[in-house]
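Next come two complexes, and both contain subunit A; in the first it sits with subunit B, in the second with subunit C.
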Partner chain A sequence: MKPSLFKKAETALHLLSIALGLYALYLVFMVVPNERVMGPVQRIFYFHVGAAMATYCSVGLIFLSALLHFATRNRFWDTLSVAAAEVGLLFCAVVMATGMIWGHAAWNTWFRWEPRLVSFLVLMLILIGINLLRIFGDKGKVANHAAAFAILAAVNVPLVIWSIDLLPQSAQLHPKVVQDQGLKDPSFVKAMLFGMLAMVSLQFSLVFVRTKVESVLRLKDSI
Partner chain B sequence: MEQVPNTYQELFIAYGALWILICTYLWHLSRKVDALTRRDS
Partner chain C sequence: MKILLALLRKDLLIEFRTKETIFVTIGMAILMSAIASVGVSAALLPPAAVKSVLPVLLTLSFLLSSTISMTRTYEYEYQDRPLQGLLMSGATPQLVFVSKFLTNFLTMSVGTLTTLLGFVFFLNLSIAQIFLPMTFIFGLMILGFVAIATLIVPITFSSRLRGVILPLLLLPLTFPILFGGIEICSSLIAGIPLDLSSPWISLLVGFDVLYMAIGMNLFDKVVIE
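Coming up: the complex of A and B.
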């Protein structure tokens, strides 16, 4: 890609993040009505689901970069993996925090040992592991080890998604909102969609910038 | 019974400002990295 075109794409990504985020916030705070049972606290759901999507996208990126790292041994894929793992952990922490706040407000508990919550916690621990490996790992082998860990994280994502079906709904707190068509009002669906798009675009912007920073740092180290 | 509002203009303005701040800072950081790369090369 030509440098000028690359720069234009980057500018467009940043502007898109701003626009999508503002529109999503407008929908969440000014358009959607209060949910009948949970009331205003349900609005945290739009940030929670959006951050979960951004986490999955980050894990997808580290998985892709791990495969391409093993296939090509190009250093760029390892650089991208560093950025995506850090951003993935950030959004994973957002998901856990918003989920706990929502859980405490709606069900009077911060956490429960049920499949969806535990599998997501495992994903977070794997992402923490990858980031710790980058700090404390053997410099010569860390790229390979992190790539192997990335594949483990990617394997965990389908488990997180399908974990909700392991137990009957009555035995767990985490709702099956999308699967059960729980979003009755059309504005709920629109706000959820734009919330996801906003978070995913912010995630790509963060990965973009972090990759550039990591490239500069590696260039400086090699001089 | 307490009436719960359906719209939250103050929260929209506060979170909107925070969102713009995060995104523009990110953009600014990206431009700074570009400038640093140009200077070094």
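Coming up: the complex of A and C.
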């Protein structure tokens, strides 16, 4: 790709994430009505679901870059993996924080033994592990080690997604909003979709920026 | 097959001669079961409550003793670099992995059995009826744990933190295995017979197979390259 075209694509991505973010904020705070039972606190759901989608996308990127690293040995994939792991951890922390705020309002507790909550916490611990490995690993071997660890981490994601179906519903409290057709008002669906799009585009923007920073740092180290 | 047996013989011989891992595992198992039993006795829990927390206590004891003893797995391979020699002699990385896996599985099984017997002895429990199914479930848990630990331990060797980083990397990945194992053991203790078609058994077996396959395929990339 030509440098000018690359720059244009980057600018377009950043502008898109800003526009989507602003529109999602407008929908969430100005358009969507208060939910009947939960009231205003339910609005955190639009950020929570979007951040969860962004986390899954990051883990997908980590997994893909790990596979491509082993297949091609191109250093770009390792650089991308560094960026995706850091951004993934950030969004995972957002999911946990927003989930806990919602949980405190809905269940009167910050955290409880619930499969989806625990498995997402485990995913966060795995992402912390990948980042720790990057910090404390041997510089010469960390690319292979992090890629191997990323593949192991990625196989846990299906468990996080399907954990809600593994136990009987009586054993868990995490809501199945979409499956149970809980989004009655059309504006709920629109806000959720744009919330997801905004978070995912923000995630790709951040990965883009972090990849560039990491490339520059590596170039500097090699001089 | 001959090469695998030779590798296994080498690993077991080192273990029998040094007795490092097995002593650490058994020692930790006895220590953990004793400490946990003292805690449970001090809390004056009724026998039914003791039984209900047994799977968690067992798993915690198993995790601590296994994680500590696993750090010794590659000690000799990294001290004098005999791994390169092994590979030059015709042993494939997959065979080296399987040999290490089987040796670790054996030591961890002995350790876990000691922990289980330690709890039965110290807490005066009668679990004869569920002993066999419980051993089977712990066997499945050890399979997955050892498969993943055999791959993760060499990663920690090249880290500046070495043994300290091992639990941070290893334990989150073992979560599905531990979660499944504790759920099944709790059901067994509650008097529900073992159902081989339960989703928890599928989860355990699935992750065992998955971790084993990933371990075998990535071992050369982690250890040799």
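Quick note on the criterion: the second predicted complex is superposed on the first by the 223 of 223 C-alpha atoms of A that agree within 3 Å, B and C clash if a C-alpha of one lies under 4 Å from a C-alpha of the other, contacts with A are read in each partner's own complex, and residues count from 1 in each chain.
Assume a residue touches a chain if its C-beta (ideal position, glycine included) is under 8 Å from a C-beta of that chain, and two chains touch if they have at least 3 such contacts.
Nothing here was measured: the structure is a model prediction, and the numbers come from that model.
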item: First (subunit B), second (subunit C), both or neither touched by A:V37; value: neither
item: Partner chain(s) touched by A:L5 [first = subunit B, second = subunit C, both, neither]; value: neither
item: Partner chain(s) touched by A:A71 [first = subunit B, second = subunit C, both, neither]; value: neither
item: Partner chain(s) touched by A:I126 [first = subunit B, second = subunit C, both, neither]; value: second
item: Subunit C-touching residues of subunit A, taken from the complex the two chains share; value: 70, 118-119, 122, 125-126, 128-129, 132-133, 136-138, 141-142, 144-145, 147-149, 151-153, 155-156, 159, 166
item: In the complex with subunit A, residue positions of subunit B that touch it; value: 4-9, 11-12, 15-16, 19-20, 22-24, 26-27, 29-30, 33-34, 36-37, 40
item: Contacting residues of subunit A [partner subunit B, same complex]; value: 7, 10-11, 14, 17-18, 21-22, 25-26, 28-30, 33-34, 39-40, 43, 202, 205-206, 208-209, 212-213, 216, 219-220
item: Touching residues on subunit C, where the partner in the complex is subunit A; value: 148, 151-152, 155, 158-161, 165, 168-169, 171-173, 175-176, 179, 199, 203, 207, 210-211, 214, 218, 221-222, 225
